[in-house]
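Alright, structures below, take your time with them.
Both complexes below contain subunit A, partnered by subunit B and then by subunit C.
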Partner chain A sequence: MATILINGQEVTIPDGQRLNLIQAAALAGIEIPHYCYHPGLSVVASCRMCLVEVGQRDADGNIRMMPKLVPACATPATDGTVVVTNSEKVRHAESLVEECLLLDHPVDCPICDQAGECYLQDYFYKYGQRERRAPETPFTSRRKDLGPYVTLFVNRCIMCSRCVRFTREVSGTGELAVVRRGNKAIIDVFDDYQLDNPLSGNTVDICPVGALCSIPFLYKQRVWFLRGNRSICLRCSTGCAIQVDHNRNRVYRLKPRYNPNANDWWMCDFGRFGFDYVYAEDRLRQPMRRTDGMLQPVSWDDIAERFAELWREAAGQDGTGTIAVVLSPFLSCEDAYLSCLYFRNLALPVRFYLGRVPVHGADETFPRRLLGAITNGRQQEPRFVIRAERCPNRRGVEAIIRHFQGEVPGFDDFLRDARQQDIAAAYLTGGYPESWLTEQEADVMGMLRCLVVHDVLPGPHLRHASVVLPMAVWFERAGSYVNYNGTLQCTERAVLPAADARSVGRLMWALLGRTRLYRPEVVLEELAEEVPVFAPAAELKGEFPEYGVRLDLSEPAHEAV
Partner chain B sequence: MRPDDPDILWLEEPKLTLAERLYLPAIIEGLSVTGRVALQKKITRQYPDEPYRPEDPIKYRGVHRLNRDEQGRVKCVACFLCATACPAHCIDIVAAEAPWPDREKYPEHFVIDELRCIYCGMCEEACPVDAIELTSFYDLTGWTREEMIFDKEKLLSVYDQTAQQEPLRTAGFRLAQTPPDEAEEH
Partner chain C sequence: MATDFEPVLLANVGVPDSQRLEVYRQRGGYRALEKTLREYSPEEVVELVVQSKLRGRGGAGFPCGMKWKFLPKDRTVTYLCVNADESEPGTFNNRILMENDPHQVLEGIAIAAYATRAQTAYIYIRYEYVRAYETLQQAINEAYEAGILGERVLGSDFSLNVYLHRGAGAYICGEETGLIESLEGKRGWPRTKPPYPAVEGVFRKPTVVNNVETLCCVKHIMDRGVDWFLSIGVPADPNNPRDLGSYGPKLYCVSGHVNRPGCYELPLGVPCRELIERYGGGVRGGKRAKAVIPGGLSMGFLKEDELDTPLDFNSLQKVGCLGLGTAAVVVFDEDTSIVELLHRSCRFFAHESCGQCTPCREGTGWMYRILTRILHGEGRIEDLDLLLELADSMGIIPGTTICGLADGAAWPVKTAIRKFRDEFEAFIRSGSRLTAASSGSAAGEAS
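Moving on to the complex of A and B:
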């Protein structure tokens, strides 16, 4: 256990943690300004913003300070380290470094996308000089597109080299380099290369200034208009923790949030920019029922009133026709749980299926092992994985179906049963970001007496649907999801659903006859009580778990109800 | 508030004297004021027969205009500072990449709801490039609400109409033309 002294305040560093002075100071609530240091990257101490006075206290309590200032990011916090961050000397150094970084900076904050969340701006107010001595040449940033998603404003760069280190250490693709020297140094891609690796969007996040900007987000919104909600990404089973930035009920940007149980600091471009389908023209917006062969708009009340009747009719006079409930892995745990509750209570033969689990190729691991990568013969743990399983909640939905039914038939089983006419009707949930059914598969569903489709996007399955319900996408509803390693993560609702879309959970809540507003937190508490696998979630008590809750899914509980 | 509330101060009506009860002195006093003013120089302005022009148009806060740069393009860089400063939320901007090589960002749409605007001039103060200004035009009329929602073209045409009479209020800012590093690079 190491005890260090920061500005006269004693800070105890827990055993087994190796921290530098920036992290140690953060424990004490003291901010040491820094640009080049990032907890997920190696330390280069190149920006010199974190210069502090450092000394050592010996056993007798005498303190000996080093004569010069030392970068805090490159200094380990060891027992007896003494740090001073608020002396005149440190303040002076900070203001000079800030001035130096701003010497050639084009002060084009009015058109810079980073303005409002820019460390140059923040630190200038906190640590900078009162007035600028360098000449101003505003609005003179030269721009160069580095890849499909990232653009570089050359003159705004402060050469912290975070992006360069990211491409070398995390993505392992190494497209970026610092070229030229001294004050002519710029970031650039190698000739004939592009910054087009699947993690390129992260360079925009880690850029402390406005040098790297995201092309899809460029000039869309000023960041001070955006409000962020905590959520997760659902494009693969890694389940990256993200922040959904929105304004006036429209989502403009997804950014990763730190979660050591899922994604650390990163997320892939596929998830980051892949939410266009939410605003697709042809998205389902209105509940519809088939009358005289045509799908006609109806109201949700109308649907809810006749929902149970629909299934009784489909089950036939003797009530022997089986109803298939296909729960897609894009549903939240609450959605799946309430659906299971509702259909089990119908007193009809019901069979639950896990919806289609989209799998694309193999897991993509980072850093990529390119020729010349230094591994020193050690097997390195991957820093980031884009999983082949492209859905957020297979494990959660599976666990819930297993609790209610004991076994978990998949989507292929559903298609087989439909083809063999073992089932009479189906409640088919979707939520997939792209089309997910082939024409032939959809035609199998034509044999059903009744097909209720609850989905986001239209597809061939609508042809045979008796009722079509529009689904709210993940940032339009709250819920919780279980990722590949069994971490249950919660999401907040960021925006209101498009038009008349509703989540499965909200529909089932109403159908179950429950009064009051549908609140997924309450359902999660109930789920934690009912389903043993989800028991760890009971500790939350409505609190938002920042890093998620680890569930033990290794031994599935076989408790058929 | 109840009648016995201690915060209420009850006053008695003062008793009128005989002269006051006759009302005649008060009537004479009133008539004398009327007569005096009737003989004075008229101060009522016969608007709209007599149009009003503000004495110092630079200080008047009327209809907005969007200024043009030296090449006749909209000067605005779509920084949204006016929309941020606007207390009435009447400015709506859609930014885009500028189609010109020497400019980076420009407003694709720039709409001001002149009915919602309270003419406080905060937009003018906030603008870092002196692109939005208030003119001395004040007599805005329209048949519909839609007519009073001014788009970019209309705001630029206000500039074209007023540029002669009213120079830039805060002259001196120029957009830099070419980045200094450009020639050196390629």
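Moving on to the complex of A and C:
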């Protein structure tokens, strides 16, 4: 156990943790300003913003300070280290670095997307000096698109080289480089190349200033108008922790949140920019029922009143027709659990199926192997994986179906059973961000007596639907999801659902006759009690765990209710 | 004291065909290597070099033996990097050694590699040294053919491969970790230390980086013995525990406004004035010296009345210079404008700053802009204090940069402004050099 002294305050570093002085100071609530240091990247100690005075305290309590300043990012916190971050000397160094960085900076904050979350700006107010002593600089701002999603404002760059290190160390694609020397140095892509790797959007996040900006987000919003809600990305089973930034009920930006159980600091462009479908023109917005062969708008109340009756009719006079309940892996655990409860209680023959699990190729791992990279013969652990399984909650839905039914038939089983007319009716849930059924597959459903589709986007399945229900997408509802390694993560609702869309959970809550408003956190507590696999979530009590809760899904629970 | 000094490092310079192996051998070449391989273990060689108190000739003056001792005991691979990227303005001693006596360089390399157990040596040679590159490559080929390099050097169990690597023309690649990065095929950005190259250097393996002249000295230490080496130069000051002494011969490069510019081999500690007057033939045109760079541009300036300072590792700090540096003495006569000189100096360092650390990247450029403004008659008196503030707060000495380039950029500024402040103020007040203190005779060129 190491104890260090920061500005006279003792900080104990927990055993087994190797921290640098920036991290150690953060434990004490002291901010050491920094630009080039990022916990996910190698340390270069080049911005020199984190300079501090250090010394060593010996066993007798005598302190010997070093004569020169050292970069906190490259100095390990060891027992007896003494750190001073607020001396005159440190303040002078900080203000000089800040002044140097602003020498060639265009100071175009009024038109800069980063303004409001810009370190250069924030540190200037905290550590800069008021007066500019360099009158000779013209203000210019040149822009260059580096790739489909990332643009560079050349003169805003402070040369921290985070983006360059990211493309070399995390994505392993190495498109970016520093070209030229001295104060003429700039970040650039090599000729005929562009920054188009699947992780390129992260360079925008890690850019401490407004040099790298996201093209889809450019000039869309001032960041101080945005409100952020914690959520996860549902584009693959990695389940990246994200923040959903929105204003006036519209989502503008998704950003990764640190979660060592899922994504570390990163997310892929596919997830980051892939939420356009939420605002698609043709998104399902209203409940509809087929009358005289045409889908006609109806109200949710109508649906709720007649829902149970629908299934009884479909099951037939003798009540022998099986009802298929297809639970999509895009549903939250609460959605799936309440659906299971509701259909169980119908006292009709019901079969639960896991909805289609979209799989695209193989897992894509990063860093990609870079030619000439010096790995010293070490096998590198992947730093980031875009998983082939392109859905957020296959494991959660599977665990719930397994609990209620013992076995978990898949979507192909559903299609087969439908084709063989083993089932009479189906409640089909979707939530997929793109079209997910072929015409032929949809035609199979034409043989059903009753088909209720609860989905986000239209598709061929609507042709045979008796009832169509619009679904709220993930950031329009709260819920929890289980990612590839069994981490249960909760999401908050960021915006209200588009038009009249509702989540499966809310529908089922009402159908189950529960009073008051639908509260997913209450459902999660109940789920944790009912389904043993989810037991670790019982202690949450509505708390939002930053890094999620690890579930043990290794042994499938076989007991059927 | 130095009148009768018989050159050792330059002994073969001027001998016809001195570059050829047979000539080198006739003149006693590779005797030291043979003796070393036969009689000493690597550890003993390191011990001898430690005893000789040999200090690096590349600029920093770090004790060579101590550098070798920093190598981890349990290492499996060691690399030797030879720093031949001589880029300090005014310096050309390595060039003379490589162009005229390449086998001496190779012999030094072989002994150093043996001592450090390196089986691979990279010579990182400055891009512009085309002739030295060709000469050295020829010598390497000769040495391979003669069994001096390659498997089983001179019949011993020791093997050594030497590769000659050309730089691409950057000053910063003379900094040892910048050199290592460049050698690995990357941008020449100095690494943050620790880890030092002795622990993690080329390809993340233990590495020793030595200057060409240092290695040539190693050869002579093995040939003539430690006592011979310690008999030359200036002993350590017993009252100053931080002085490690300045022993051995040194190549002094004299250039600028002197009658006989050239490279002179003298014992360490020769007074600057003696070097200029006696060897450099005095200031050109019978003029007085105004300022002298004692050891390459980064060391700062000496004033005329400081010229009696001995050129050794310990004395130059006393007159405000950074150190001995590369011992490249550049002389400026009384007609030189210090403002223009400093402007040139700042231009050089702004151009050569690698762009990694903020204080150096922006600071060198800023200083250059200020000097340009002063030169264009738009200076302000407070600019001088701003220059001093910038210069005082950049470099590894205050701790604000990774490598010493910023110190090198700062020292000329600090010494010039502190020692010639009157001239700067006069220049700024008049808006031109016309009335600058001591540049009357150059008035014609100024407009």
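Here, the second predicted complex is superposed on the first by the 556 of 561 C-alpha atoms of A that agree within 3 Å, B and C clash if a C-alpha of one lies under 4 Å from a C-alpha of the other, contacts with A are read in each partner's own complex, and residues count from 1 in each chain.
As a working rule, contacts are C-beta pairs under 8 Å (C-beta built on N, C-alpha and C of every residue); 3 or more make two chains touch, one makes a residue touch a chain.
Fair warning: this is a prediction, and the values are worked out from it, not measured in the lab.
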May I ask you to decide whether A:Val522 touches subunit B, subunit C, both, or neither, giving the answer as first, second, both or neither?
neither
For A:Pro71 in the superposed arrangement: first (subunit B), second (subunit C), both or neither?
second
Name the chain, either subunit B or subunit C, that contacts more residues of subunit A.
C
Touch test for A:Arg133: subunit B only (first), subunit C only (second), both, or neither?
second
Report for A:Leu101: first if it touches subunit B alone, second if subunit C alone, otherwise both or neither.
second
Which holds for A:Ala185: it touches subunit B only (first), subunit C only (second), both, or neither?
second
Spell out the part of subunit B that touches subunit A in their complex, as residue ranges.
77-81, 84, 95-97, 103-105, 128-129, 175-176, 178-182, 185
For the complex, give me every residue of subunit C touching subunit A.
170, 184-185, 187, 189, 192, 203-204, 350-359, 361-366, 369-370, 373, 386, 390, 393, 396-402
Using the touch definition up top, name the residues of subunit A that touch subunit C in the complex.
43-49, 51, 68-71, 74, 92-93, 96-97, 100-101, 103-104, 133-134, 136, 158-159, 161, 177-178, 180-185, 372, 374, 376
With touch defined as at the start, can you tell me which subunit A residues reach subunit B in the complex?
106, 108, 110-111, 137-143, 154-155, 218-220, 222, 224-225
